[in-house]
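Both complexes below contain chain A, partnered by chain B and then by chain C.
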Partner chain A sequence: MSKYFATSQEIKQLAEELCKSHEIYGPQVDQQSGQVFFDVLSDLDALDLDAAIPSMPVKEILFPQMERILQYRYDDATQNVTMEKAYAEKPKVLFGLRPCDLAGIQCLDRFFLGQEYVDDVYLAHRRQSILITNTCTRPWDQCFCVCTHTGPAADEGYDLDLTKIADGYLVQVGSEKGQAIADQRGWTPAEARQLKEKDAVVDRSVEAFPALAKDNKAWISRAMNRITTGFVKHEIWEYIGNQCVECGACSFVCPTCSCFNIEDAKMCDGECERLRTRDSCSFEGYTRMAGDHNPRQPVEDRRNKRFFCKLSFSQSKKYLRPGCVGCGRCQWVCPGDIGLPNVVQYLRRETTA
Partner chain B sequence: MCNSLRHEETCQKNDGLCPIVTFPEVVNIDEIADEAPEVKTFYMSFLDKEVEKNFRIKSGQFIMCTVFGAGEFAVSLPPSPENDRFHITVRAVGKVTNALHALKPGDKLGVRGPFGNGFPFEDIKGKNIIYVAGGIGLIPLRSSIVHALQHRKDFGRIILLYGSRSARDLLYQPDIKEWQKTDGFETYITIDRAEPGWTGEVGYVNTLIEKANVPVDNTVAFVCGPPIMFNSVIDDFMKRGMSEDNIISTLERQMKCGIGKCQHCAIGRTLVCTDGPVYTYRQIKTLGEVI
Partner chain C sequence: MNYKACVCNLCGTGCGQFLKTNGKAVLGVSPSIGHPVSKGKLCIRGWHVNELLNTNDRITTPMIRSNGKLRPASYDEAIDWVIERMRDFSGPSGEIGVLASARSSNEDNFALTRLARDIFKTDVLGVGAEAGHHNSMAALTHAFGYPGAIGTLTAIDKADYILVVGTDITRQNPVIGGNIHAAQMRGARVVTICSARTQIAKLSTKHYQQKPGTKGLLLNALAKALYAVRTMNHDRQANLDAIPGYADYIAALRSISSVALENASGIRYEEIEEEARYLNMAKSVVIVFSTGISGLDKQTTEIIANLALLTDKMDHEHSALIPVAGISNLQGTYDMGMTGKPGKSVFRSLADARSPLKALFVVDHDDGIIRNRDRIENLDFVVYCGAFKNPFMDLADVILPLTSFNQTDGTYTASDRRVQLTRQNTENLSNSLPGWNLYQLMAEKAGQYWGYCDAAHVFTDIAKRVPSYADLTHDRLGRGYGLHWDPKGFPTAGKKKFHAVRIEYPKPKTSEEFPFALMVGKAQHFWHQNNLMRKTLIPRREYDQTLLLYPQGYVEICPDDAKKLKVKDKWTVQVTCSAGTTMKIAVKVCPDMQPGTAYIPYFIKNMISDFLIKYDDAFSAGEESVIPVRIEEA
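The block that comes next holds the complex of A and B.
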């Protein structure tokens, strides 16, 4: 695939051009809180490619927290129903994705579009989206993507990939869609020296992990082995489960968590809508059926389920990789101490002690 | 064309016809029949006749049924795949099923499906079949019973063991009378406690296994009912030396999508909606979660 060199000015022009035909999303820093959000860019000047990893995963755009998928009206008197599809199919560009978030999107792609059935709603979002990744030139406190093999640079799955080098960006094309965009720009082909420069940037980023990314480490492969072969003692699941307060935050910030709920809501004017909302397997009501029969009772059962989903071989077959992408957000938000990296530590400590 | 990536495999069980996947098709409620207290049967037909023609089911499959304004629920299909009226039988237990029970003939419902693997009918030709049903567990088995009786000569003994709380709670009574006319269809019915006017068996359904002197060799048992009944029936069958592969049941779980995406029905590594809902006892044992 082709490689180009573009100046910062040219990258900005690319955003301006794509903005005309697409809704553009990118990282921006909230001035008040200092938090980074990956959101619609109403002002292109707010696009900050040097910003830290966004607080919320980018799945929000392709698989929103709450989404209307169907709208209908039922008339009791005439016993008639009118129904229409309600999700919008808008072309979107995700500008400046971090590689871990891209890996999350790939997991969702393989799960929603690659199993027995294709999920129409996700497909509608995904079909017209352009993914532009941005290599991390440094890690942040909670990052552990080197453990999950998802960063600091993206390998595949992007349309265009940007890497900041000395006097501009190295642009790598990853798909036909990306090539079509590149063909319309007057970018100069990259020189060998610039490719080497990217390698050096990535190497420097990896080397900075011990000093900068101090919060988390996770020996994923070892934990996967233990979970898949059922070598984890029940006591350790209890220890993990006892720390869970069932807030569901880990699922909502996880780039690969994809469980959802479907509810029909009646609005005041007789109009009804079918909502698809994200769900979490840590909630007690997740498996509860009508008549209050709940086959999955204790909290350690439910915790066990989430880590099984992230780290077992059978689930990895669906994602074609482990279900963890090393972003460290679950560790950030967990009120207990059971973010995924810590759970991996517990499993290891238990089995090696 | 359906959106299954494994179209051939998914749709082959329904004669190559695709299920209704994302948006419900509208059906009209033609008739509502009371089966038992809190249990009603809804006979229905599709508004779009083209859809009706392409809607083919297999015994043991389920549909997602929308009660407009209330929500959607998963429900097993009692009609036989051949020559039977399309209907569902539902007990009012939750929010949506109660809303369903409040409907009248002429009201509309939404239907998606059929989903799930269905009973393995091809593999059990020539064998004896024992149906063991507890309470509303007869509903998912009805499809299979009618289908087996329609092909009576393909099977050995066909036995129905059916237990219910009381005589009033017995489902499909006219149907059962009809089935008993078929040559060699053995029925044993019991209720939990004796009551005036009841002359049949009294006791739990597993006591019927002894009475019916059920065969074990070359026999398949379909077991469906509440967990406590399921466990005691399994125990009795195991004591008699039945193979775990020949005990077949259908599981129920909370379901939202029916196509393996919402993950609510995940048990261990399987999804009840796409890998199930029909499992052998050997599979159920290894799933690692209670019934």
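The block that comes next holds the complex of A and C.
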């Protein structure tokens, strides 16, 4: 696919142009706390492509924490039900995605769109989305995408991909949609020297992992092997399960977690709404089935479910990639000490002992 | 950007969060990574506050009951009616009671105390969780000179030694529990004293599973051993001798007999001696215990305060003694004076059939179950103000809507005195009034002009009248993650005193006839009996799933006892207490219980209204209350 060079000014112009026809989302920094959010850009000047990995996953845009999906009303007199869908399709551009978040979207695509059943709500959000990725020129504390092969540069699935090089950006096209945008921009084709420069940027980023990505020294491939072959002692799962306070955070911040719950709520005057909310395998009520049977009642069984989902080979086969994209967010938010990278450590310590 | 900084309003930890709002509705939640206490963590409640704030079960319009039916009214009309009716009752003779909420902001509670004092002229006040908190505050004031936490919650991250007394903290304040666990992982010694094997007990370096009712004895034994270690090492601190009450305290400790200790508590003194060596070696010590509705009894809190004093480490910057509150602004509510005077609570007036109480003014009641319902039904006049619908509405003559905590500016004081500001981040679509403004309008109607223009203005008045808040303003609080109020606001701060303690060896109240020691407390998803949690989706499902499994509630017993009783999980049993009341309830077999003990979470309605009615002290004694019962196959 084509490759171009664009100046920072031209990248800004791209955002300005796209925002005329699309809702534009991108990384921005909350002034007071310094926390980074990937959210709607009410002001393009807030777009910060150098900002750290966003604190919340980008799935919020395609698969929000809570969403009204349907509204209906039952008329007593006529015994009629009227319904309307409560979500709308809006063209969006996700500007400056981190590669791990792109990989997360690919997992969600596979879950919501890639199998027998196609989820209309997700499709409505996803269909007209333009994905523009941004190579990580350095990792942050909690990153381990090098272990999950999801970064620091994206390799597929984007429409456009940006890499910051000396005097601007290398822009790579990843789809026809991306090509159509590029065709309108009049960017100069990239020179070989600029492609090499990107390689150097990526190499430098990878080399910086030991020094900068110091929170997590994951050991994913061996852990995958252990989990897939069932070579993990029950006591280890119990040790892990004992640390879970069942908050659900790990699922909520994980770019690939796709579980949800549907509930109908009554509003005033006979109107009802159908809400979809994110859900988590850490909750007891989530795994309970009809007739009082709960296949995963003890908390340790529910916990290992999560790690099977993220790391077992059979699951990876289903999603065409591992369920963990190495963003490290679950480590941030877990009140226990059992973010995925830590669990990998526990498995390793136990299995190498 | 749609993410607005906010403070979680669902327990006394005071975690930092962002609400994702489009200005009209709250769409989602994000934790606040930089918050010094929560550091990017939230519990299941905090993660689902968006569901609560989206509920359709809001009170949106004032209502007046006429001819038995509620009808919509304007604020003006409703306020008029309240003030006119309240004139019929005499506050000074105890006819008017005010039942406030420990979830309201400081501004709201401050204005409410003014309304109670200056307009209703009553001091029959109270909030739901007050009894326990009065005990904690009195114990701390006596020992350390001011009613509030010694040190701060962030000390947990640095302390050498952490003692958790009682509290099932990973359930009640999960983020504090998580911080304690993290401290254990980095090498701090975490010790839990609790008669059940709670999650934090499992995660501790050491768990003392004493017999129910002997926590205080065990803590005294630890103090004795600490004193002994010091004497042996000749590192007795001269300045400790100078603290009033020292000699009596030491004399009492000396009288503890190892044999009697072991008989009563089931713990050997040698173990305690070893523990004391660790405690002595630590440079910094954090002690946490729960305060409020399921808190400890007076005596146990005094024993804790004494032990903290005796360690002589409380002045270290990484030491702390924290009464952990289950409700967000319990500390602030106390600071504002809304908890009333000890011994004169609105609950007491309600419970006492001969009290002169005739009218009741209630704000944001959290409980789904209303105690003393019959009495309230027979009162002449009941006013309910609140953001969310509540069964109290059925008892009210006038209902006044309030804003929810994200629809107005307000400050909240967490368990460790951290005062934090939440700014309005969502439009107030139904034009509800914030509490302070509603009370101000009432005062105006009654002829008193307060002149507050916004919450920040109310706060300047707080700073003037509450000395420990003197140097705080909304502007200062809004710049970071809040500020701790200053103990120096109390002239006695730093004046230390030991409590007089009596050494008692609680005899098991159980007998052959009533062999189980029944404890009453919280369960995982039943915070505050759930009026709020019932308005969420996911936490409510978690609650319901327990109810589905155990529709009449459950009593937890250990597998061995279950075997002896020949019952299995979910089988119904009959529980009979020594006062004669009985209830049918399902068994939940739970390996974390000790033999001979039983546990019932107190969300079950008929338990509160019928079974426990004879045990009022079960509420005031909180965690330490033990009721002897017999359990039989039903």
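Here, the second predicted complex is superposed on the first by the 345 of 353 C-alpha atoms of A that agree within 3 Å, B and C clash if a C-alpha of one lies under 4 Å from a C-alpha of the other, contacts with A are read in each partner's own complex, and residues count from 1 in each chain.
Heads up, the rule we're going with is that a residue touches a chain if its C-beta (ideal position, glycine included) is under 8 Å from a C-beta of that chain, and two chains touch if they have at least 3 such contacts.
What you see is a predicted model; the values in this text were computed from it and never measured.
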item: Chain B versus chain C as contact partner of A:D264, first or second or both or neither; value: first
item: Touched partner set for A:M66, first chain B, second chain C, both or neither; value: second
item: First, second, both or neither for A:D279, with chain B first and chain C second; value: both
item: Which of chain B and chain C A:M56 touches, first, second, both or neither; value: second
item: Chain B versus chain C as contact partner of A:G157, first or second or both or neither; value: neither
item: First, second, both or neither for A:Q35, with chain B first and chain C second; value: second
item: First (chain B), second (chain C), both or neither touched by A:N80; value: first
item: Touching both chain C and chain B, counted on chain A across the two superposed complexes; value: 261, 263, 266, 279, 286, 288
item: Interfacial residue positions of chain C with respect to chain A in the complex; value: 1-3, 5, 18, 20, 27-34, 40-44, 46-47, 50-51, 54-56, 170-171, 174-175, 177-179, 181-182, 185, 199, 202-203, 479, 524, 537-538, 541-542, 544-545, 548-549
item: Residues of chain B defined as touching chain A within the complex; value: 3-6, 10, 21-24, 26, 66, 68-73, 93-97, 106-108, 110, 252-254, 256-257, 259-264, 266-269, 274, 289-291
item: Chain A residues touching chain C - in the complex, by the definition given at the top; value: 28, 30, 32-35, 37, 39-42, 46, 55-56, 60, 64-66, 242-243, 245-249, 252, 261, 263, 265-268, 275, 277, 279, 283-286, 288, 292, 332-337
item: Of chain A, residues touching chain B in the complex; value: 70, 72, 74, 79-81, 83, 85, 111-112, 114-121, 258-264, 266, 272, 274, 279, 281, 286-291, 295-296, 301, 305, 308-309, 312, 314-315
